[in-house]
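These are the structures in question, set out in turn.
Here subunit A shows up in two complexes: once beside subunit B, once beside subunit C.
And then the complex of A and B:
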């Protein structure tokens, strides 16, 4: 019964890593001898540090904003009951249907002063042309904004779900002790859903590290070259498809993959998130 | 602290609220208003882009530029925008749409069936290396799928599968998150006695699964299909890298082609006299987004229960 999944796991979970590891040692035009030099050359590529910096700034903006807004909004949502609560949750998941290519499209429109539903705000800020916003120094902000609005709503609803697992007795007791809504949220609810927030943080970080679609689409079509090799994954893509340097591409994507695996192992063994799931030894 | 497995099932807390009516002071009332303002503003920010996108194809390019952002053009414009889209490379858009449907259906089927079978095997049957398999599955589930794209590309090219539908379908059907959800479901939501009773009656592993577990897994199947669909319908990076010719592209990749080969978003692109303008490209984006939106809204009952804490209970 496990055979179909096992075949997929081996073929598309394990083998690609082995193939990439082998490829990362192969010779290229840049490194005719092959070997670990591919890793060093990927790191020493003149585009690597800028891309690392871009992704770093992007993560610094994106991850904390996600954590704070999602935790805050789910706590606020938890204070509302009934029909309003359901309607708000429906509204919050709408942006998740605009991801990837359609997110790029929508944000192009949102930031274009002649078209944007927010054109009054943009004009008040003195922005009359999209080109004033789409500049390389603003890209980290723009991509963080796009990623945030795509993902936050769903996470608010998910974390609201986590809040529903808090027993009413605990909240009742706190109320009897005279705690107000703010104190209950901060001192009781938040600590109780902390591990879900940590889990989300690691997932969001790992996904953010791999940012690709938005800068790639912007750069390849809308504002040509603006975000070329902006992210680490784009650089890896360029190694493979433009420089014909598969060894370097494999080396760079393996290094990114290892960061994500470390994050995954941390969640599994260093948090109690998967406790009782049969993974940890008692 | 309870673990994900021990999390309380969702109880209707609203019923027990109201034992202690909160007395609102003046400061409390200001706070309450602030809460509502934030909730509503965030709700508004969430729906504005989608509403705008829904309306945009109703207007001509000139109306889009000159009229108020939320003014409605005419229904006829949706039709003409669609006809304009069809002129792009002999109606290749229909091909992309069809590809997206076919790939997604195949992925949802393959991924859900393999995940349910594996989740059941891990939860109920005795298989060797169970713990290793579980840990590998968890690691694979937490790693973002994008991280494996370049390694998958290398593997797929070596296997001579580059630019084939099978490349996208097979690689996207690897669904560790689904396996984990199914595993949790079969190990917590169905009493062990049920499986054991079936085995005592002489049913084999597969018969037990078929007669006992499967009929109880409709909700699980729905949830797995939901996540599998919403991931594969919009997937961009993997098909972008694994496919080479336009006839095999999916809608998201095709949308990228529209961006780069029409002057809609960048006047420097393509022929100036192209009929693909902003209303047309908005319609193409809408066609990509609408199925996801519909599935989301239809599945909102799933989301109401909570995905992290509630999903493990059915």
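And then the complex of A and C:
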């Protein structure tokens, strides 16, 4: 039963990790002897702390927004019945089809005051120049915005799916007890899909920690270098392909993996993630 | 278990026989070398012309890559130890990386290419010379010139500046007129100001030692001259490609003069979708001099090179391909590669073409040619990401309104921190 998954896990999970661990000991110009010094040097690179700060702010903006908005929107979607529901679900997914390069382009046009269809709004906010938008201190917000709109729709539909798993009997009982739609959503539905929200939190955090495409593409277009080495993954990429330092790149990637795993384990053990049906017995 | 072993042996035997087959094919075509070219899109017509020329004699394979990916792709093939191209188009810093022993991709061309060819390049191939040997061939030169609008100059009764002090004085005359002396918030500040001034930011006093000295007088004089222009609003802190600058200034034909590389005329100033400056207004003049000769250099913004693989099966055929790509007439006349050819004889053909272009108010070629033979050699192509740092440090700071001195210092600081990771010793004074 588990064999197909195990085969994939080994091929695309375990083996790459082992290869990365071996690679992370390779020598570089900075560390001709190779070995664990690569890990320390990756952390000591002058771009590491700024990148860590950038990704930290990005995660603080992105992860809670995703969790709150997705949970709220899927609960709202769950209250809409009939034909509208299908159209709405489709509408939520549409922005998610704009990913990577195309999303960056679309957001560039939306936010560039000279080209934006929302020029008037931007002008009302006092923004008339691209330089007022595309500056280092705004980048975390911009990337969080891009990531949110490309990711939220999918997750709303997924969480809507998890809401469908709630037994109609429970909801019926709540209604008979006099709970209104808000109370049912807050006290019944949300606790029942808690583990799916946790699951989403883990994945969204892991994806956010590895943010790469948005800053990399912005840096290779109109504002070359604006977000160069902005994220930790970009820094790892620069180690590998600009400094010929695959050891450092692998070391940094493995440290990111450890953060992801520790984060996931922490969240899993702090919640009832692996427990039964998800209905808590009091 | 036994069946498994038999299976493995069978697969191994089959793989070996397949390899032997392909080996035989190679031997059969031994008289007909295969040369794989990796080029960016603008270079494809050139490569196809070569493929056609060599049909029947050599098997020329073309793969299209983005120039920005050159280092990444070669690094990956260095890992797999196979699949390298025989010739790759990239930049001189790519070659600096490729010839490092830790990379080992670039072949020494000094003996593979004839002296006649090197002579034809003259000083134009200097970017490809490392420690006395040639490791690439320069495709085009992108030296800076002074682009100016003859209509505006006439209207305001300005004369074309010949020195940087005259440039500053002329720029200050634009104050209050609504005209601009160009935008510096991109690579232009480096290529058109710092580099011609001889500011040492990637100077190489000896092998694997790089001098990055923003406090050198040749660096500080640049900010001293340009900062007042920026403060007066006659020089723009935005990029030449900034949508706001293009709409507010360039497309309104408000750029009275600007420094820019030789490709600026055809690719930035002329196209309707870009600045769209009307025909008959734009001319090019020599870069104004910082001081008397040799303190009168130009800078460079771009300029590609062809590097040949040290792993090439047919080194001479590969080198010949690189030679053809950089020196043939096709190089000078193909529609999609109309930048200033580095190779002298090809350049002559190109000169005919641009000199006859009715778009320009006067022939821009003499200024381009004067600067082409006079590009500052203080900074050399280096292995670390010099140009990327221009974007992420220098440009970002200028765009956000920081002083030019502060912008240069943070740029230089980032270079000083970056250089050791590529094996350089840094001198910061």
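FYI, the second predicted complex is superposed on the first by the 248 of 282 C-alpha atoms of A that agree within 3 Å, B and C clash if a C-alpha of one lies under 4 Å from a C-alpha of the other, contacts with A are read in each partner's own complex, and residues count from 1 in each chain.
The criterion applied here is as follows: a residue touches a chain if its C-beta (ideal position, glycine included) is under 8 Å from a C-beta of that chain, and two chains touch if they have at least 3 such contacts.
If you're wondering where the values come from, they're calculated on a predicted model, not measured in any experiment.
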- Query: Put the two structures on top of each other at subunit A: do subunit B and subunit C fit, or clash?
  - Reply: clash
- Query: Can A:167 be said to touch subunit B (first), subunit C (second), both, or neither?
  - Reply: first
- Task: For A:113, decide between first (touching subunit B), second (touching subunit C), both and neither.
- Result: second
- Task: Report for A:246: first if it touches subunit B alone, second if subunit C alone, otherwise both or neither.
- Result: both
- Message: With both complexes overlaid on chain A, does A:128 touch subunit B (first), subunit C (second), both or neither?
- Response: second
- Message: Under the stated touch criterion, name the partner, subunit B or subunit C, that contacts more residues in subunit A.
- Response: B
- Should A:186 be classified as contacting the first partner (subunit B), the second (subunit C), both, or neither? neither
- Message: Quick check for you: in the superposed arrangement, does A:219 touch first (subunit B), second (subunit C), both or neither?
- Response: second
- Query: Touching A:265, do we find subunit B (first), subunit C (second), both, or neither?
  - Reply: first
- Mind checking 77-85, 239-247, 275-283 or 293-301? I need the stretch of subunit B that runs into subunit C in the superposition. 239-247
- Message: Considering only the contact definition stated at the top, list the common interface residues of subunit A for subunit B and subunit C.
- Response: 114-115, 220, 222-224, 240, 246
- Message: So in the complex, the part of subunit A that touches subunit B is made up of which residues?
- Response: 1-2, 4-6, 8-9, 11-17, 19-20, 23, 73, 76-77, 79-82, 86-102, 104-106, 108-110, 114-119, 149, 153-154, 157-162, 164-168, 172, 175-176, 180-182, 192, 195-196, 199, 202-203, 206-207, 209-210, 212-213, 216-217, 220-224, 233, 236-237, 240, 246, 249-250, 252-254, 256-257, 260-261, 263-265, 267-268, 272-279, 281
- Query: Given the complex with subunit A, which residues does subunit B contribute to the contact?
  - Reply: 1-8, 10-11, 13-14, 16-17, 19-20, 22, 28, 31, 35-36, 38-40, 42-50, 52-53, 56, 64-65, 69-70, 110, 113-115, 117-118, 120-122, 125, 127, 130-131, 133-144, 146-155, 158, 170-171, 173-176, 179-180, 183-184, 187, 205-206, 209, 230, 234-237, 240-241, 252-253, 255-256, 259-260, 265-266, 268-269, 278, 281-282, 285, 288-290, 292-293, 296-297, 300, 303-310
- Query: Which residues of subunit A touch subunit C in their complex?
  - Reply: 28-30, 45-46, 112-115, 128-131, 134-136, 219-220, 222-229, 238-246
- Any idea which subunit C residues touch subunit A in the complex? 68, 71-72, 75, 79, 97, 100, 102-103, 185-187, 237-239, 241-244, 246-247, 383-385, 388-393, 395-396, 399-400, 414, 417-418, 420-423
